Every structure is written in structure tokens, then in C-alpha cells.
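Here come two complexes built around subunit A, the first alongside subunit B, the second alongside subunit C.
And now, the complex of A and B:
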């Protein structure tokens, strides 16, 4: 394939994947909304905007603190349990945000045993169903994105840069702040971008926590007010915010370029922490695992135990099969598509390709329900035009997932590819290798870790995905997440606890693999 | 090679996800249902036994099922759509998802105020929106009506869930039917001023919050209370011991009643079988199961009410307001609640 055809492929992928978003945009600017926009703007829009911004900022700060600090400790220090934490700190990834919300409200809301017990001791907890509650719980499940990418970035840093800084008389903390942190910036920002987008698109948890954001507003406008137009208008505002954030990040990097030399550098030697510092590190790494994974898992297990065999329990193996199959198929496809886009951009780093990649990637911040509506409408048009019935097949679901999760693959692959010196490509090309061969023989082996990371991240995301699956799945095509939500939304959480635990259990395998993939690519 | 492997893997995994195809020789009725209770399967089995027609079911959230119907359009395989709440039935009706069905059996069995005037849908069970109250801090004689909850003496004592919730939309819709938009908005402002906390959680959470002392009265659906009454868990028993249930507006139109209902889908491949199915759901044995599934009241009054609801079986329920009428007020209700600051 020539460079040109790579670009064409990237554009084709971006076009298909952006289809649902474009549909939403068209819907937002056209058609009659029957005065609803004026109504929303004069009543609830301000609340939506304030809550969405505060939530994204709060979770951004929360995940940065948790993710960067633990990543630094695990990547550059030695303390009791360090190797275990390299894996354990990823565990919250297997915990969907909505399960976090269910589990913590069940524990901490007024009338819950823990709440009552604490109150008898004279401790009154702030209300869990609040913006604060949402920020804290979301931070505890979403920080692994920052941790994962920051850890890889820290681990890949060479000793020379750090030592040079120390030799010049800079204190350890200032070295960290002025050398290590800026060098790790692409990784951290990629992680943070995923977190912020995930937060802006968050539906299940914020809805449960009674926080009105753009996502809940979109859902409300569309379902309760029955206006897809008003929903699309709100979605367009959200989309604009996300694009501004992404562009801002690119501009913020300015003209800095991160391209490592191909020469194998001397890796950083780990600092040996001792005494109180060592145990302090252990404690700091334990907290996110305890609150982001152990507590909700135990809470769900307790519920499941009390409930006994749940309704339709015999269907769980089939539901698990569907969930895994769907997640696996989508992950492979999305990573393949992502690789094409990332590689095309590297071959020809033109503005047009960059725009295509951005377009293809912006779906992550859009609520799954919006993607679902966009997908359904777009597919409906296609079906009408061609007389097909794609609308009733699993293909719609796969398209929706592509639209929603391509960014995850793009960010992970991009962060990996940035680390591969451009000189390697130049050398290979000079030696006569075509683009395809560079990808296969140079990038693929070097990017093994990133490819695995991308695939596993997408797998976990698809497996947990709820709103889009809920809306576009074909007849009888239930996933575990759908099953859980059906009961949880009917205030029968106990019935949902066992399938919820199954989601977490299925998520554990890819998370463990993810940890190994990162270990291998950084050691 | 790797690409080909990936494609193959994708094809295999997607292929393995396909569900069993149903045989063509017998009719299979496709039901979209927003209900999901243990007894539902018994109902479908019972129908198959009686008619030989098997039922393929897709259970899901009402909103999701509506979106599906919308997107599937003429190609929809849906025969019967079952959902809860007049507001949602109205949304489906307004979007043109139901076709009129005329059935002497249904018209005879389902009271007129619980079905659509043109036979677009039929109520199958009812629930009342009640006032739950703290037995300790409220005397039942202090309670009278929904309207009264806006009175200043309830300041910081009222618990209720969000205006995004369809039950509240229907309740406010019924108040609009009774008093008009302006009076209802004034009422909503008074109610909002009486909130004990920002609306949050579901109806069960409101009942638990009364027991926990967060507020004194709450507006909840009858079956949530009934569910707690049936529970064996000690903490649930403690909750119902502390909380009472009151059917309001006994002196005038009666407690606000809502339905779960079913209609024949506009593009139903098997409209006759669909009608038969809904008729079957109004038969005595089906009514009993259908209502029991969610501790609701049967629509057919000859069918006995679940013992758990017996204490309220004779409470006056609003039979004058047609359920179809307040469903139509959903949007007005929502806008009014937005203006009143009811989140």
C-alpha cells in the first residue's frame, strides 16, 4: 500500500466512525425543537454546565493525584508490596462506574447499616448522593487510566536526565516536577484525556448520585421530553467542549516534540525506600485498591450472598458468553482500525489527517446513549436507502462501540508510537521498505505492548458499556451490563449483585494481562 | 496474516453471539417488555399452552425499547409492547408505535379509564402513588392530599425523587388535569420549598430515608412499600415497622393511579396473535399473576388483590381521570417542574 492509500483508509475509517456524531450534529442544528431549547436554557442548562465542568475538573484532579503518585512510586521506588501493587492498582478498571455508585450508596446512604452505625458513633457522613460523592467515587475507579500511562512514561525515562538534574543541584522533588513530570507528559495527558472524556460521558453513576450533568440532561430531553432535537443540541454543546479541550491540549504542548533516540538508554535505578517512608508508600498504594475495588466488591458479594440464586440465574453463563464475545470482537476490530489511523498520521503528518483522527476519536466523550441514537438514525437512513436491515444486527452495536471507543485505542497506540523514534522509520524507508513493511517489521514488534494495552483497554470498556448496548442491541442479545441495569434500575440491586460480580470477574483477566503487557514493554 | 487472523477471530466471535433462530413453521410472538418479574415467564408459558403460540421476549428499560421501536420503524419485529406508566404509554402512542385494536373482551374486562379511548393500549395492572409517613413523627390524621404537601407546615419534611422520574411526571400531569398549569406550578413551588433534601434515589430510598429520619413524609408508589412488607430481611422489617402508607385524596378524586399496559405495535407481523395475547393477559389467572409479579392491583375487579395489599384494597383510587389524559401532560409537567426548581 502506498502512503496515499493509507491516508485514504484513515479517512474512510474516520468517516464511518464519525457517522453517528455527524448525524447528531445534523440533528442538532436542523429541525424544529418546539421551543425546548429556550426552556432548557432558561431553567436547567446552567446547572448542567456547572455540574459537568466541576465533575470533570474534580475527577481530573482526583485521578491525577491518585494516578501520578502511585505510578511514580511503583515505577521508580522500592517498598513492601511494590510488585503486587503494579497489578493491584489496575483492579478498579474491572469495576464499572455504575457498580461503584450502586455499591457505595447501598453502604453509605441514610438508612444503610454503615451509615447508621457511624451515626451512632457520632459521625455524620456527608451525603453520598452528591457532586462530591460522585467526584470521589469516580476518581477511585478511573485513576488507573492515568496510573497505567504515567507508569509506563516514568519507567521509560532514562537515568541520565534525572541524574543530570540532580548533579546540577536540583532537589529530588524539584527534579520530579521539572524533569520527570514534563517528560512523562504525553502519557499522563493521554490518561487524563481518557478520564475527562469518560467523566463527561458518564451516565449511570451520576444519575444514581443525583447529579444533573449534560449526559443526564441529554437522556432526559430525549426520553422524558421526547425530543431527539433538544437532546442533539445538548450533545453538540458537550461535543464542542470536548473538541476545545483536545485542541487546547495539543496547543498546550506547543512546539515541543517527544521523540526518543533509538539507543537503549540506561534505565532508571529504583530508589530504595525504608522505614516509615516505605510503609507510607505501601499505604498510599493500598488506599485506591481498597476504595476502588475491595470495598465495592465486598459490598456486592454481601448483597449477592443475601439474595441467593438471582432471577434468570441460569442465563448468566450465556450472558457472560455474549459479553465476552462482543468485547473481544470489538476490541480486535477497534485496535486494527486505530492502528491504521495512527500509522497513516505518522506517514503523512498533515493537518487533514490530524483532523480525521480527532474526528474519529471524539466519540469517547459523547454519552453512549447519544452515540446509540446517532448510530440508529444513521443506520436507519442507510437501511432505507439500500433496503437492507443492518439495524437489527450486532453490526450496529459494533459500529456504536467503534464510534465510542476508537479514542481509547488511538490514545494508547499514539502514546506508544511517539516513543518509537522517527529515525527508525526513516532508516527502514531508506533501506527500501514500503510503509506496510515498516508497520509490520518495525512498529508492530516495538508496539506489542501498546497494541496489547489498547486491545485490553477497549475490551474492558466494551464489557462495561451500558447505555449504547441498552439501546441498540439486537433481539435477545443481552450482555451482563444490560442484565444488571434492568434490576438495579428497578430498585432490586440484590438481584443484580451476582451478575455484577461476574462483570468484575470477567474484567480481571484482561486487567491482569494488561499489567503483564505493561511490565514487559517497560522492563 | 495477522489482519486475516483478526478478521477471522472477529467473525467467529460475532457469529457465536448470534442467538438461536426460531423455527418458521409456528408463529412466534415478539414481545418488547419493560417488565421483568419472576412470574412473567409463567404468563408466557401459559399463553403458549393455551394457544400454541410461543413468545420471544426482549426485556429492557422502557426508554431503550422505545428508542428501538423508533429506529426499527416499519421493519420492527415487535408485536406487543408492554410498558409501565401513562407518560410512557403516551410517548409510544404519540410516536405512532401502537395500532388501534378493537376487542369486545378487552373493552369488557378493562375499565374505561384504564385504557386508551381508541384501543391503542390497555392497562393491565394499577399502582397508586401514595404518601409514606413516619409513624413516630406524623399522625395519619395530619395527612390528606397531594395538594396539602405544599403547605408550609411540611417545611423540610418532604421526601420525593427527581422530576426526571416518570411517576412524578404522571402525578404532576394528573394535578394539571385537575387544577390547570398555573395552580399546579404554584403547588410545585410550595412542594420544592418543603423538600427535606435534594430529590435523589428511587422510591424505596425515600421510604428508607423516612425510617432513617431524613424526612417525615414521602411520595412513593404502592408496590415499593408492598415489596418491603414482603421482605424477610430484618432491616426491611424495621423500615416498614417505622413507616406507614397512606392513600391520599380520599375526600375528593382519590389516590392517583397509574398503569402498566400493553398495546399492539403499529408494524406488528402478527396483529391477531398480539390481540389474543393481550386478551389472555386480562384473563383471571393471568391477571392474578401479572399483578402479583410487582405487587400491583389487577385491572379486572373480579380478581382478588394480593393479600399484602389487602389493607388498602378499598381505598379510593382516582377513577375519574382517564390515564390517557394525564399522559399527554407529561411535557407540560416537566417544564413546570423545571421552572419550580424540582431537580
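And now, the complex of A and C:
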């Protein structure tokens, strides 16, 4: 393949991501559908907007409190269990938000054992199925984004900056507030942006808690109202909010490039916490792990135990097979496409290819429900025009996953490829290797680790994805996530507890990978 | 065919900044040419354009008989140009053994034999099975050289190939490289910012400044007949003094020098070797006073002031010669090491 055909391929792949976005935008602004939009605007739109914004703000505050405090403790102090917590605090990443909602509802709804026990102790919790409940449960599983980036930001701060502040007569706490925290701001803001994006894209938990947001609205407009127009219009509004968030993140980072100094700096001396303070730190770091991972896992395990061993003819093996096949196939395809984009940009770093790569990597910011609606409508148009029938097959599901998760593959591959010096490509080229051979004989062997990482991350994301799968899946096509969702919606979670645990178990794989990377960067 | 490489009118720009402005360069078969200049002068860019890793905006490049670039329709990709490139950081493939690195650019049929031959040439026959990171810097450099020479390129391009090495081993590696290049008989273009390196290795130097060659010639020509102020100051330590040209003569505190410049202000670029201490009472010597002496790398660097007002002059003295501040000396100026340019 020539350089030109590589860049054409990159553009074609960017098109897979761009297609649903353009479709939603075109349909969203192209007039009204029988006055449905006016109706929606006057009735539910206000609620959707209020709930979505409050939810994002609430989860933002919740994850900030949990993430920044634990990150600072782990990065700059010593206390019992610190090394363990550096890894354990990542565990909630394996817990999908919808499973949090199902597990806590099961524990805390009126009549549940824990609810009764608390009541006998005289404790009455506010109802879990509420906006407040959604904020708390989401905060407990999404804080690791803030934790990870803030921890890195605190850890790389130099002792000099802190010491300079102290020698200028500023107390330790004021130094933290005036030097350490502002220095960590870019990392914290980046983490918060990820949290907010996840929150706005969230579907399973808010739906279970009956908190109406844009994502549940889009799903309802699509299925109950059967109106692609209304769904696309709601999706447009949601996209505008996400866009505002991304702009906000840029502004929040400001001109800050605090970590730009390449000079080797003396690392920070850790605060030796003792006595009550030390145990307080241990307690503070335990809480998120307990509530964000252990409690829901144990709740699910208890349910699974009560349900007993699956009987012969249980659908779990078939479900697991479908899910793993779908996730594996999608992961391999997405990593291959990602490699083409990354390689094309490496081959000829022109502005046009940079734009294509940007576009190809923009899907993760777009909520799954929006991508789902956009993909289905676009494929519907294409099917109508060509007389094909892609819309009713699992292929359209794979396309939607490509659009949403290409970002994940691109980031992992990019991170790997930047470590392969560009001079190696030049060397191979001047030795007579064409682009294809550079990819095969130089990049592929050097990127084995990154390729595996990318595939694993995409695999788990596809396996966990709920809203896009719910909307796009062909009739009768179930994944583990959809299966659990269906049973939980029916208040029969016990019968889906085992598949739910399976999702958590598979989700632990990328967490293990991440913790290994974290471990390596700290030691 | 009289040229291994012929470059005509090459221009290139990174964004809005011109990096090359109409460069011509000819290299004869077997010749060793150095592109020399400060960083940012465009010498590395020229090398990358020749290799096909960058596209020229205008101009033509011919390698052997083949036109590989005409700044418009023709742009042969790097893998189909008969060039070899040795990189500053060597760019050895970290996942391949030394032998596989050397064999990377060879057709399967001749790979084993030719690899063996090349490893022998660079005296690394025993290292074929090792990985690049297990070698010393000098050995890595030889692998890079063997790898680039293995496919028998018409032109070998070397981009600062010694700057990644320790200062202590550099001199020896340069000599080895020179021997290997001579033995292979390949036309070579060496890019460097180090004048000593260029002179040690190459037959011909091309000095570049701001994207264009300013002078080319043998080391002697460039050293003794620099075309511009810039070239004169590029090699070694110099002082710069202002003076006046009048009727074909320039008056200095050490006597007058002949010049072909028109009357007007001139710059004198004076090599530190130009002033020499002479025996007392020599008839052409001038008396000066020592202002300061210091030992720099086993050379005694002496600043002296003359009786006519002006900036101090520098001379190099025998390190064993006892010299003190305010001591009087007799010195002579050797006009061959003074270069006169119209004041800029």
C-alpha cells in the first residue's frame, strides 16, 4: 500500500465515527416531527436538563472529595496499608455503574435485610432510588479517574516547590492549598472531565433509580415514542452539553503546563502519619473500596449463592459465549482499525490526517445512546438506498462499538508508538522497506504489549456497554449486560447475579493491568 | 556518469520558515563530503530530503543516473532510493539481533552471506547474535554503519553519527569509520557541526548557513581563504577587531596588511595562532603588555594590550613559559591567519 492509500483508509475509518454524529446533527436540526419536539420541550426537557446537570455536578463534587483526598494520602503520606490502597482504590473501576445501582437497591430498598437492620438501629436512610442515591453510587465507582490522575500529579511534584513555600513562612496546610493543590489542578481537571463524560453517558443506573436524564430520554424517545427525530434532537442537546464540558476542561487547564520541566527533581519526602491520623487515613482510603467494590460484590455474591448452582439448560453459557464472541471480535477489529489510523498519521503527519485521527478518537466523549441512535438511523438510510439489510444484524452493533471505543484503542496504541522512535521508521525506509513492511517487521513486534493492552481495554468496554447495546442489538440478541439489565428491571436480580459477577470478574482484568502500570511508575 | 549524487536548487520549508534555500551539491563516486554548519542551518534537512524522508519544494535530486526528486511530480519514496542513512542515535531495531539489523535491507537470497561480510568489515563477526542494547556506543555505531552499507547504496548519508558517543572514544571511532568508508568506496555525505570532525574525515567541506551553502572547498581552502566572516569564525578561536582600509592597506598595531577591499571600515578576524611571541629586539616585532593569562586545556591563553588604544588581543603561548601580569612581550602578527572583511 502506498502512503496515499494509508491516509485514505484513515479517513474511511474516521467516517465510521463521524457518520452517527453527522446523522444525529442533520436529523436533530432538520425541522419538527409532528410537534413532538415542542411537546417534549414543554414537558420533560426541563427535567432532563435539571437532572443531568445536577447529577454531573453532584458526581463531580463527590468524586473530587473521594479522589483528591485518597490521591493525596497515597501519593504523599505514609500510613498503614498505603501500598495496598494504591492498588485497591482502583477496584471500583471494575464495577459498572448499573451493577452498583442494582446491588444497592437490593440492599437498601424497603424490606431488604440491610434496610431493616438499619431501621432497628434507628437509622433511616433517604430513599436510594433518587437523584441523591444516583450521585452517591456513581461517585463511589467513578472517583478512580480523579484518583489516578490526581495521584500522578501529586507524585510528580518536586520537593523544591513545597520547600520554597515553607521557607517563605507558609504553614503546611496553607502550602497544600496554595502550592500542591494548584500544581495538581491540570490532572484533577482532566480526571473530572472524564467523570463528567461518564456521568452524562450513564444510562443503566439512572434508569434503575428512575432519575430522568437525557440518556433515558433518548432511549424512551427511540423505543416508546418510536421517534428517531425526537431522539436525535435530544441527542443534539446532550452533545452540546458534552462539547461545553470539553471546552470547559480546556479552559480549566488554562495555560498550565506544570509538569513540562524535564529536569530531574528531587521527589517529595513523605509525611509520616502516626497514631490517630494514620488510622484516619487508613479509614478514609478504605471507605471508597468498601462501598464502591466490596459491598456490591458481596451483595451480588450473596444473591448468586441464594439462587444456587445454575441448572442444566441455564442460558449463562450461551450468554457468555455470545458476549465474549462479540467483545472479542469487536476488540480485534477495533484494534486493527486503530492501528491503521495511528500508522497513517505516523507515516505522513499532515494536518488532514491529524484531523482524521482526531475525529476517529472523538467517539468516547459521545454517550453510547447518541452513537447508537446515530448509527441505526445512518445504517437505516444506507439500507434503504442500497436495498441491503445491515440494520437487523449484529454488524451494526459492531459498527456502533467501533465508533464509541476506537478512542480507547487509539490511546493505547499511541502511547506505545510514541515510545518507538520515529528514526526507526526512517531507518527501515532507507533500507528499502515500504510502509507495509515497516508496520509488519518494526511496529508490530515492538507494539505487541500495546496491541494486547488495547484489545483488552476495548474487550472489557464492549462487554460492559449497556445503552448502545440495548438500542442497537438485533431482536433476541442478548449480552451479559443486557441480560442483567432485563432481570434487574424486573426486580429479579437474584436470577442474574451470576452473570453480573462475571461482568465484574472480567472487568478486573484491565484494573490489574492498570495497577501494574501504576506500581511500576511508583517503584 | 561522473556523479554519485547531484543536487540542484533544492528548497524546503517547515511551515513558514525556509529551511533550505536553493542548495546545489555534487558528490563524486568514492568522495567523502561534509556538510558543516551550526544547528538549524538546514544541513540535516538536506540529508533527509536526499534520503526522501522530506519532500523538497523545488529543485532536483539525481542519484547515480536516476532522477529521484524534481520538486513536483517525481518523488521516489525512501525505500526505493539507493541511499543508506546512519542516524545520530543509530536507530538500531531494538527487537532484532545485530545480524538481523544488518540484514534488514538485504534480499533473502544473499542475506546471510552479505551480513557475514559486513560484520567482518566492521570487526563485529562475533557479535551477530547479540541485541543492540548489549553493545557499547562505538559498537552500535559500527552496526549502524554496516546496516546502512549492506545494501550497497550509491550514497551513504551520515547524520551527526559521532555525537552520541563519549568524547574519549570519539576520535578512535572516527578513524575506524574513515577506514570503513574508504574500504567500501561508497560516496558519503557527513553532516556535522564539528569542524574538527569534518576535517578529520572528509576530502571536501561544504559550509552552510541559514539554509544555503556559503563556501565549499578542501579543509585548507576553507581554513586559509574563508569567503565570509562567518566561515572565518567557524573554525577555532578568533578575535575580531575593527579597522580602516585605506588605499589597499589596513593599519594594525602590528603593522599594515594588504587588502583588496575598497576604502572604508573593515573587520579583522584574527586567529589566536596569528600572534606569536618573538625573541626580544626582533626587527619587525611590536611591544605589548600582558593583561591576563589563564591555562585552558594545557594551552596558555594570553590577553595582551597594545600601545594603541583598542580591545585586547589573544595569543597562545607555551604552557611552560612563565608569564605574569604587566609583563612586556615582543610579538609578531602572521598575516596568513588574519582575514579581512568589509564591515558588516
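The rule we apply is simple: the second predicted complex is superposed on the first by the 340 of 523 C-alpha atoms of A that agree within 3 Å, B and C clash if a C-alpha of one lies under 4 Å from a C-alpha of the other, contacts with A are read in each partner's own complex, and residues count from 1 in each chain.
By definition in this document, a residue touches a chain if its C-beta (ideal position, glycine included) is under 8 Å from a C-beta of that chain, and two chains touch if they have at least 3 such contacts.
These numbers come from a predicted model, not from an experiment.
Once the two complexes are laid over each other on the shared chain, residue contacts for A:336 go to subunit B alone; subunit C is not touched. Judged by the touch definition given at the top, the superposed model places A:431 against subunit C, while subunit B stays out of reach. Contacts of A:109 after superposition on the shared chain: subunit B is touched, whereas subunit C is not. In the overlay built on the shared chain, the residue A:248 is in contact with neither subunit B nor subunit C.
Comparing subunit B with subunit C, more residues of subunit A are touched by B. In the superposition on chain A, contact of A:389 is made with subunit B only, not with subunit C.
Of the two partner chains, subunit B is the only one that A:398 touches; subunit C does not reach it.
On the subunit A side of its complex with subunit C, the touching residues are 2-3, 421, 423-424, 426-434, 441-442, 445-446. The residues of subunit B lying in touch with subunit A in their complex are 2-3, 6, 9-10, 13-14, 16-19, 30, 36-38, 56-61, 63-64, 66-68, 70-73, 75, 77, 87, 91, 94-95, 162, 164, 166, 169, 197-205, 208-209, 211-214, 224, 233, 235, 239, 330-331, 334-335, 338-339, 343. Contact residues on subunit C toward subunit A in their complex (touch as defined above): 48, 51-53, 77-81, 83-85, 87-89, 91-95, 104-105, 147-148, 151.
For subunit A in complex with subunit B, the residues that touch the partner chain are 39-40, 43-44, 47, 105, 109-111, 113, 115-116, 127, 129-130, 209-210, 212, 216, 219-220, 222-226, 306, 311, 321-322, 325-326, 328-329, 332-333, 336, 372-373, 376-377, 379-380, 383, 389, 391-392, 394, 398, 444, 470-472, 475-478, 482, 485-487, 489-491.
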